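To keep things simple, chains are lettered A, B and C as they appear, and every chain counts its residues starting from 1.
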Amino acid sequence: MIGSVAKHKYFPAALGIGSLFVFVALLELLIRVGMINRFIVPMPSDIVAAFPRVIVEEHVLQRFVLTAGEAFSASVLVTIVGVAGGVVLHRYNLLRLATETWVAAIAAAPLVLMYPLYLVIFGRSALTIVMMGFTAGIAPVILKTLEGLLATRRVLINVGKSFNLTPSQQFWKILFPAALPTIFVGLRLGLIFALINIVGVEFLINFGGLGQLINELAERYDLAGMYAAICFVILVSISVFLLTERLERWLRPVD
Amino acid sequence: MAAVHSERIDAGEPKFPAADPILVVENIVKRFETPDGVLTAVDHVSLTVAPGEFVGVIGPSGCGKSTLFNVIGGLLDGYDGTVMVAGERMRGPHPAIGMIFQEESTFPWRNLIDNVAFPLEIMGLPRAERYERARQFVKLVGLEGFERRYPAELSGGMRQRVSMARTLAAQPKILLMDEPFAALDEQTRLLLGDKVLQIQQQLRQTTLLITHNITEAVQLSDRIVVMTYRPGQVKRMVEIALPRPRSSEIVSSEAFGRYVAQIWSDLREEASRGLSDEEMGKLREGERR
Amino acid sequence: MVETRGLSLPAARSWALPLRPVTALRVAIVVGVVVIWQAISASGWLYRDVVPSLLTIGRALYATLSDPIFYFHLGTTAYEIAIAMVIGGLSGLAVGLLLGGSRLLSRAYEAYLYYLGPCPKIIFFPVMIMWFGVGPGSKVAMGAISCFFPVALNIAGGMREIDKVLIRVGKSFRANTWQMVTKIYLPAMRHPVINGMRLGLGVALIGTLLAETKLSNRGIGFLVIQAYSIFNMPQMYALLIILFVIAIGANALIGRFGGLDDIKAS
């Protein structure tokens, strides 16, 4: 009987969600009973109760729009500069060979640690946050654009040659479309890196939208509120991630 | 230079007059620089193809057939000798030559009809005309109804038919194919061979097929050029006097069997040279490491 | 190293330096950047010390590297990161193996990891402070949480990628579980494991350092914020340079050690 339940199509999902509920319920119990200090971990019921309060009093919607705006600006910059950069590196071989390792190395560096530097240069403003998002997201876009263009299968290039395409036609009709799936992977990575850094820096410099909210609630020792805000940010992050996945799949009916 | 024999198993009139061939390949020599020295891939190969003729080029792996394919198609240069298409000397890809490649070559981001319409798009045909013409060729290869599908939704055999339709849509004088069915299983190959025969006969399309599959070569060709192992030369030319129109049923006939046997006896010697050469090469490679 | 994909490089022209073109271009770029930097610095175009001269940065670099207190801070950060990686790495490995090995567990729980992965972990920092105090504990916790996710996901994925035929070979020779793990699973998973480690190190580094910038009185992150608060720009640049060199070097080392030359793999 257990075997046949376990093979049911929705069992794994149910198991996952069920475990979450059990965990939360257990937490509630342990806190109520006093085994876990309620001033360190607020009761899940309190956290849930704090949601409406936080949303209304802390103007969560405006904050969300602010963070989203920063993320959007950073994404646009990253897309334009990143894809253009990748195309340029692809076009000029020598430049690519000289700088590709450098770009990859920068991608591996803890760029976000430059935020104090940006604070000095751009001040405590949305510009700092957008630039931080841009810096964090640019490298994967350049690298993936380059990778996509280079990975175009030889035979497709030969098809183009056999039809005597001009270099411009070859690029726009064959190389670029062939590279698009990989470019989108890069854009998605870039967006995610940008978003992570944007919310993180908002938290760190206590300026901006959602990230700043968490910081503020922490400084006010509003525990339930802070946990609620954190949950909210997690939900937003998951939604964005899901959305970009959907978008990517929709944009390439190919794979 | 190898002596060229022309043999016929069944006596009869040569089907295609040697005058006015549409493709003339003369004394092609192509060498490559490798870490092990200069490699002669193709050594003084000449052949001609008359209009409407189906010529098969068969040889063991490593005989330079793909090099020949790329030279005739204009994708390779730096060779000695000439390639003339309809009397014009060729330099670079010629609009009169249509190429079908061995690997998967459909554009995965375009649907079927857009794939087939691609050359027409390049030629600048207006939209309506483009799609009208493309549809004809989609029908020709038997894929009517699949126009809006993407290559990922089609089978390997179907995708090769799309590539074929695309190349044919440009209406090339000469169709050049490099082992287009190599990735398919034997039975699909035989059936697709039928399709190719049907199309070729309907369009009277001049075709040059490069292959290593003897059955396929005999099934489809009017004449077969047998190549030696590297450096590739023409070993023998064989007239295939099997009746036309043909279908894949021909593979069970006696005459078919005799042609295959004859070609295999020529090929076997070259193929085993190739095999032992490859093994010696691997040995040397291992020792170098 | 960059794969050249069978390209032929233009031959170095005879009038140029006896350098390969790639090296020459790199040198040219570096020289160009140096010249532009110095020009901006000297012109005073950006206010005050935002672009200090390379000489001042160099001096600050030297001063920092010869200051024993710097090494105290460096050691603190290194210690925090090391422990964070051990905790995060081992738990990631355990969870990854569990999820990779069981389809049921994977379908039930892996989505949580996958979707929590791209969350900015620094927002958990106030919680970590409450649980582990204001000392190194909270920093280690930040690093460990950051490190956990990429390791677990890479290993779970890596286990699934193992060519099934290799597992059948092992079973056909009747290998026991320990032999299967050590002789088939782990060797077959070398790439995902190394990759996971590299990503884990990268994010552990970030998590720990950011935590230090937010609330700490020791560590490299603390030093960076301290330099910022007293507007000692040359010092900040020096610290960032040292930090980046270490981070990039560590990343490259792991990659080289793991036999992977492609930093781009992620």
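Assume contacts are C-beta pairs under 8 Å (C-beta built on N, C-alpha and C of every residue); 3 or more make two chains touch, one makes a residue touch a chain.
No experiment lies behind these values; they were computed from the predicted model shown.
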item: Most widely separated chain from chain A, with each centre as the mean of CA atoms; value: B
item: Pair exhibiting more inter-chain C-beta contacts, A-C or A-B; value: A-C
item: Separation of mean Cα positions, chain C and chain B [Å, integer]; value: 52
item: Where chain A and chain C are represented by their mean Cα positions, the distance between them in whole Å; value: 18
item: Whole-Å gap between the CA centroids of chain A and chain B; value: 50
item: Residue numbers on chain A that touch chain B, as the complex places them; value: 153-156, 158-159, 161-165, 169, 173-174, 177-178, 180, 252-255
item: In the complex, chain B residues that touch chain A; value: 73-75, 92-93, 95, 97-99, 101-105, 107-110, 118-119, 122, 150-152, 170
item: Chain A residues within the chain C interface of the complex; value: 6, 11-13, 15-16, 19-20, 40, 93-101, 104-105, 107-110, 112-117, 119-121, 140, 143, 147, 150, 189, 192, 195-197, 199-200, 203-204, 211, 214-215, 218, 226-227, 230, 233-234, 237-238, 241-242
item: Complex interface listing, chain C residues touching chain A; value: 1-2, 4-5, 7, 9-10, 21-22, 25-26, 29, 46, 50, 103-104, 106-109, 111-112, 115-116, 118-120, 122-127, 130-131, 198, 202, 205-206, 209-210, 213-214, 221, 224-225, 227-228, 231, 233, 236-237, 240, 243-244, 247-248, 251-252, 263-264, 266
